[in-house]
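Chain nomenclature is as follows: A, B, C, D, E, F, G and H, assigned in order of appearance, with residue numbering initiated at 1 for each chain independently.
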């Protein structure tokens, strides 16, 4: 397990991260972390590693692209001084190219996406203990689908950025592809973008596996294993 | 893993099971399973064992005691023909003795509790592949506390009932006690009864461990383990 | 133009037909026909053929399959004595197989679909001046997609049924395919099922073309053509 | 067809244009164009000319007169850089003279109307590819009616302004008059001002005919014409 | 003044009478009489003749025609045993012929109107001290207007019925015509049917004048006349 | 009749004047004048003297005392340039002395009341055609009642102020006393302060009588007097 | 203190008793006893005599007269088997005579009031340990006021009924009169009927004093008296 | 009784004081004092000592700690010039340490608590007639419970501060402990923090006893004591 006692883990992203989190703090009582994978990660950390007291903060904002993250990076990331930072962005950067194709101002193309992401990570990496970069994803099994193909290209940019900056890398598309072998896309997401509870658990698992989370600890007897 | 392809797993209980599930079906799209441990169990089953197609149904109803379960057992359990049945009941049977002590009609004392639970399980066990009995719990670390002590007695009844009827047994109080060693009760439940997301994950883990759920399957690469 | 003065044209179907129509009548003032293709058809009939006084009735109901239509056919079709009947059903018959695959009671498979549709149309054809059968559709350009492929099979059943009963036939999938050559699916439907205003206009046009609607009448000067 | 690939078409006007459009942008997903003739125009453009990718923007605001348009012209027209501009204004300029006759500050009389409209068009014409001027209208068949007569005078001003500035001109009153030969006014508008869906289709048709929209294109097979 | 101490005066009609009256009683505290002419009549009776203690009851129901009155006449008129009865009905009988011309079941034509009204009045006249018949009206100054002309025919039926049954007769159309000489229709009614507060006062005055109401009583000093 | 063609009549006061009037204008369509005596005055002026086109404005604000009027006098009276001004204030100045006796800051005692009222009227009288001063009132028949006695003292101040400044004076208390001879206070006002519809009509009549309103004009035939 | 361990004390009455109590039970968690004197009595009993475990039930219903109590007496009193019964009724029996004087069906005059109350008490007295009869009251200091005088007569009937049936008697009017010597009526009740929190405390004190409640018990040290 | 005629008594604190009080004033009509112990204190003062006219003001704010009080002390205490001041703060200072243990910024530890409280009291004591310091409390009978133990330490700080500054001191924990001997914690508070009506009465009694309130005054006959 890479996180240690008392560390602060901050997530930033779009609606998939947001999931009705509290504002402006993104932490606290009564479901402040929203209803998505961030809440799952927090619940699992607290249930399995209560002694670590990991502090999870959710800074997702619905509809945001990497361009929007840049505008609020100082306030929502740097000023909050996280020990660990997780970033999952790009869905809307791509989606707007496909659902509102006639409004180009709303699109964030690959060059801007890579450049902006790189500059944010390069600025932040030295200030934190670790950064986890998660790809955006599209819950569509056909990799010839136009939007899926574009999303894969953005995922490749995330991968390059993770390698270039020595970050942990989570391939969420690969995690979903595994499940899509068994289930049709609309079982996991009404609109191929916003996951069901099961889809959010896929994300939480992919993230936790990457940071060395042990599902069954040697000392764990809570399940009364037979 | 004890559940097999295409089986139906039905949960019945009180508000801890209910968690705003859909009515009357307790299954389907858009969060029909509510926001608690039942939704977690379903999400984890679907994320980790998508090929099994386990069908989860939530028949929890807020405020119910075992006396209420008896009234709706035919409609909500027998008629729905589950393959597996999970029961967690008793919170309100005990709680009303402590929060409305002057209204005895609302209390379900130990004799009635044990008798009713036993008769429901005895009737149903032959009709299903398996039954999981989960204790009620009280998120209070002091086992001398009056209500905690009573709850432990009801938990013991559940244990006896599980043994007598050859059911799987989940000691949820034990699962919470483990976490309570590290965290104060109100971190896990505002009122010591309704768990936070972390508390529901404790319940989901305890349940899944008991039915042989493998957190990391030999074929699992979704987390891109390093 | 196949409809004549004073005739009643009744549409029946699922949410794509319903679109928040008034209940129980499905006709009248203040948007009683809903916000979808039925309202478009009515608006175009009234704007272009005001002298005909065609009476349009919307009997769509969200979530319905052909099995549900059968249950309300007497009340919602026969008893209302339409002169013309338009039917577009099948979306949910197929969709439930893909978004809630574990609940087979909610699926209507091909045999039941064809048998039920045939029996409804055979019963009704002699009672009306004309029947228009519209295929269900799936706004997905990849015809190898599993759900699109199934939907195409249901569309083929509609075609066979139209031919067998001498009905007018509208291939809505073909109409959408034409537009999908230019636009990505999510421009036309958030969830590939419920069309945008443009998608509903595609349906209205396909329907009107089939009944001989003339977009520009010899007497039409309303546009002040130059 | 006068519009070409990728052009932006902006509508400005009062409540008849507004129809609950999104604010502040007046374009985008989920019915952002409102529920009136602007949405119809967009839907028909997208359904029939998907390859053109015309971008439609709705800048209508309920209750506005030409005096209000002047105040927001820079922000809502000039700054948005449309390729084509459509203007329909004047209803409230006239209506307030008849429904609140005792509040003269709310009336915009003919001189101010003509002067203001002329100055806005003269300023904007050089900046765009084309301007379409639509008359205000009053859904009343009796042209001796006091308010109808006044509205006709404002319509004549629009016509003069179109001619003087070399704009396309749409006579919406003439389009409604054609339908009013068959239908009584209250079938088309509860208050003789705000059209039903059919009335909005009359407006959309009049507009589209003027810009050279072809209802049935040589390549169109979407209706499966027999 | 024709009403005497302690009498009950019951009004029945459509939305113009209803005006959000209380249900089911149509009398009592807190605006139970609605916001229209019935409330005005009651307020003026109580303010000017407090010693009479006239009990006013409002049985208007929005949307009703004379056909609907017939269905509830026993419960809403006969069983309530009024001393005086006032009836104003016919607006919707006529209006539906003009705003939903294609739905003939919603129209009540002249023969049915006259026959039904006559039979209700003939049945009730012997049971009460007096009956006041008020014409329906249409707030449109042009008596060649199609709907106004029809409404005048229904008013003539009311007049004949009043004469035939020896009832008091109030010509509400004549009362409005007087005001329409000075004010345009939409100053008095947004939709030419539902009056503003001023329009309701016109109705109240016409009614009160007919029953012999004295606006300035010989004993009245409340206005501190100079 | 003292008002002449096209004049503006502005009312200012507290909740009895306000009655849910529109904000900020206090005039216009759709019940902008509220539901109290101001709306009655306007309705009667328009119904009986439509040719005068009197413009009524309601500047009442719930809870206000004369101290509050002073703060908004420039904006709500002077700047709106009325031809006639009507003022009814004092209810809350007195009431707070009786319902919140322990909060002296909320009381406006007699000296301040008289001084403030005098200074507002003296400033405004020269700017308008006429001023009508209406007393505050208390709907309680017992003139020994403590609050009634105080209210009478404030009424006497209004009378003195009217005489000193040559204003029309309306003794609303006297108008209510006349009705209170017949009806118990709670028939006219739930709380002895806010009148029912009948109570507002008492106020409207007292006001109109004072300005020379003729209830039955020589030319009036609207009631079809027999 | 007349009540003993574990007894059930049931209150029945009108809105003054009701105060938004829970339905149908009138007891339980979360303010089930409403916000009035019943809640105060319960709170004081529980705070001062926690060891007695008195169970308080609130069966007040807004708007009720003694005639309404009769209709629900079996269900709401007899079937609930109270040990002690408290009745306060009569406000509406009197009030309707004064606020809706023209609707005599809503009035309950003295004969009916006395007869009904006597018969209910005579039936119930043998079934319970004790009955407390509380007078209705009117928060008006002037005992010559018409409604106050009538209320006093009803209070006298309650007193006679208490004596005749050997019940405890609480003169609530006398309790309020004491306070009215110092405070004006509207400080204690907006409408002279529904008390403020202070007025409800007056009622609670009068009731508790009558049943022998000791405000300061010999064993009480909770106030840390100095 | 320590308070004298016309004095202002101001309470400041957290949600236990707040209880939905009015904002911003915290005094006035219609439940402005909220629903907790402050309202009880006011009701009892007014019911028992109406002649004193004590003015009670509630400045509680939910969620506040002593750190928050410091920020608003000038506006909410000093500027309002109370004669008596009552302070009960500390619940949230402690609670956040136990329900959100991972967010240290939300915790107010003992040093800051004592220092801040002392400085506020020292500043204010000279300006008022008297100060009452009330301890925070935790409705948990087990004094070994971690949060209860901490709360007791904060209570000890309040006691020291009271002694050091010569204030009246109310030990609310002791008052609750007395009741907790008889009743389980959840009977008095759902979450061990926010009291039921009975719990608020415990607080009101403890406060009133400390200021010399006489429950039964020598002149009191309101209860018709036998």
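In this section, a contact is a pair of C-beta atoms (placed from the backbone, for glycine too) under 8 Å apart; a residue touches a chain by one contact, two chains touch by 3 or more.
All of these numbers come straight from a predicted model, not from anything done at the bench.
*Asks:* What chains touch subunit B and also subunit H?
*Replies:* Per touch definition, common to subunit B and subunit H: A, G.
*Asks:* Could you figure out which pair among A-C, E-F or F-H mirrors the B-H interface, over half of its contact pairs being identical by residue number?
*Replies:* More than half of its contact pairs match B-H, so it is A-C.
*Asks:* Express in whole angstrom the distance between the two chain centres, defined as the mean CA positions of subunit F and subunit G.
*Replies:* 41
*Asks:* Counting in whole Å, what is the centre-to-centre distance of subunit A and subunit D, each centre being its mean C-alpha position?
*Replies:* 46
*Asks:* Between subunit A and subunit E, what's the gap in Å when you average each chain's C-alpha atoms?
*Replies:* It comes to 67 Å between the two C-alpha centres.
*Asks:* Two-or-more-chain contact residues of subunit E, please, as numbers and ranges.
*Replies:* 29, 99-101, 183, 190
*Asks:* In the complex formed with subunit D, which residues of subunit A make contact?
*Replies:* By the definition above, subunit A touches subunit D via 99-103, 106.
*Asks:* For a test of understanding, state which residues of subunit G touch subunit F in their complex under the given definition.
*Replies:* Subunit G residues touching subunit F: 95, 98-101, 142, 144-147, 183-184, 186-187, 190-192.
*Asks:* Inside the complex, what are the residues of subunit A that reach subunit H?
*Replies:* So the residues of subunit A touching subunit H come out as 6, 27-29, 53-55.
*Asks:* Once bound in the complex, which stretches of subunit G touch subunit H?
*Replies:* On the subunit G side, the touching residues are 29-31, 33, 35, 39-40, 42-44, 46-48, 50-51, 169-171, 174-175, 178-179, 181-183, 190, 196-202, 205-210, 215-216, 220-226.
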